Amino acid sequence: MTLLHIIYLVAITAEAMSGAIMGMRRGMDLFGICMLGTVTALGGGTARDVLLGHYPIGWIAHPEYLGFTVGAAIVTALVARHMHHLRQVFLLVDGLGLVAFTVIGCGVAMDMGAHLSIVVLAGVITGVFGGLLRDILCNRVPMVLRRELYATVALFTGVLYVTLLWLGIDTSIASLATLCAGFLFRVLAMTFQWQLPHFQERDIRGLD
Amino acid sequence: MTLLHIIYLVAITAEAMSGAIMGMRRGMDLFGICMLGTVTALGGGTARDVLLGHYPIGWIAHPEYLGFTVGAAIVTALVARHMHHLRQVFLLVDGLGLVAFTVIGCGVAMDMGAHLSIVVLAGVITGVFGGLLRDILCNRVPMVLRRELYATVALFTGVLYVTLLWLGIDTSIASLATLCAGFLFRVLAMTFQWQLPHFQERDIRGLD
Amino acid sequence: MTLLHIIYLVAITAEAMSGAIMGMRRGMDLFGICMLGTVTALGGGTARDVLLGHYPIGWIAHPEYLGFTVGAAIVTALVARHMHHLRQVFLLVDGLGLVAFTVIGCGVAMDMGAHLSIVVLAGVITGVFGGLLRDILCNRVPMVLRRELYATVALFTGVLYVTLLWLGIDTSIASLATLCAGFLFRVLAMTFQWQLPHFQERDIRGLD
């Protein structure tokens, strides 16, 4: 049981809780809350596995992951009213999860011998697609496409991880260094509200 | 041609008609109506097959299914104005379809040697994803996440079916018993408007 | 490098630009714009490959395609304000892309020995799913389900292509003839605003 695996289990639990909270906000019933939590937590890895043709996909090979996400969603539904002081903790665990998901996603694509650009992309997809699918199920434009350095953190994490491995650095060391650097980047991005450039209506008048 | 197969063909026809009606409500053109009907009818099995890596997926191995769904959608578009007295019939066939889809989905995963929890989940996905994808295409929060004992009926059906088979009961008898019990559960849920618990805004103030 | 391949590269570039413009309209950031452009350009082929179980999917076997789409999206974000006089050009290239995507999609399914109805459908999916996924990410009912002879052009293109090959006509000649006929159909449909039948509320009162 590696550190990365432990972080992964903590991360899918936290992602499932945040998905469950959004489901509650949308007035979903208990099934919807469990499903939204599970999609948020496992959707990124699922999208990656389906796109790479990497079967069996993660939660089918490890059904116990579903136990974590459904359990987390149910607990959240029951105790949510007492959780509002945990917002900061959620954001931090979510950031850690983003980085861990990305590193794990890169590893899966690398083991399949994919091109380095695909390895990085597989990491980004693993990191951000859970939230993207959650937002689609909640009928809103995915947050990750609109603001915050979130996908960018995943991209930075993937590029750094691939670079370190390419430099011949030991996998476990590269993973740890990438986790720390990516997490730091995410925390700084949240603290200082860094954003990618947006574009004004005047940039595109007359188009589309 | 088993009873289950006959029920399946009746069910995808009815699902395609209900999907077509929703497409008409959304002002879709004839192509949109045919596609929405087909997605509603075959989307659940498609999602299951893609997630399980079960190729070729159902309607590619049996293109005739597309004939049923597209034909049903076109007929619906033409005669919809005369169908409003069939609403009750639709709800009953839809309920029967939900249960049949679930039993069939469990069977597919079981034949692949999946873990029992995945067998049940494959049944639920087969039962509910058609309507979920239909609602996403119609740009609304999927009904199945919000209310009615619909997914719950699929879950009950899957658990019952797996349990009966686990007890060593003959497949055809287990299928028939599960179809009857699941359908009865669905009818009762509709009749008495049973619902899963929802959660109030006060439960989650300050969160997300 | 066949003519079809050159048209394909031009088409994914144009589709990526149109997707990027829609992302700008939705106030997406640079990542969102790149991703929406890529999904618009490559989403159709991706959906086809996943549904057919045709691995590795196109852009994983040819990562350079991602270079075209991401590059096109970034350029669009930078120069969009100077592009509003190119609207007509976009519509024409988009129409050419629709036809090229469809022909390519039919070819992939045919090489896999799929049933002719699946070959045609694979072409239609390749042609229209990029825009469909783009619209879902933009949280709106997919345009292709609502109006314009767009999917119909893909259907016509696929049927014509399959028919010509079935008649024993050489592939390259059949491709060229289909490209010309399909493109002409699309241009005429746009020029004269041909539409498929829609249905009025009165057709469906009391239903759904």
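We call the chains A, B and C, going by the order they appear; numbering starts again at 1 in every chain.
Everything that follows uses one rule, which is that contacts are C-beta pairs under 8 Å (C-beta built on N, C-alpha and C of every residue); 3 or more make two chains touch, one makes a residue touch a chain.
Since this is a predicted model, take the numbers as computed values, not measurements.
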item: Equivalent-chain rotation between chain C and chain A, CA atoms, steps of 5 degrees; value: 120
item: Chain C against chain B, contact positions shared by both copies (same if over half, else different); value: different
item: Where chain B and chain C are represented by their mean Cα positions, the distance between them in whole Å; value: 29
item: For chain C, residues that touch 2 or more chains besides their own; value: 50, 53, 136, 139
item: Of all residues in chain C, those that touch chain A in their complex; value: 18, 21-33, 35-36, 46, 50, 53, 55-57, 60, 63, 66, 77, 80-81, 83-85, 87, 136-139
item: In the complex with chain C, residue positions of chain A that touch it; value: 50-53, 114-115, 117-118, 121, 132, 136, 139-142, 144-147, 151-152, 155, 195-199, 201-208
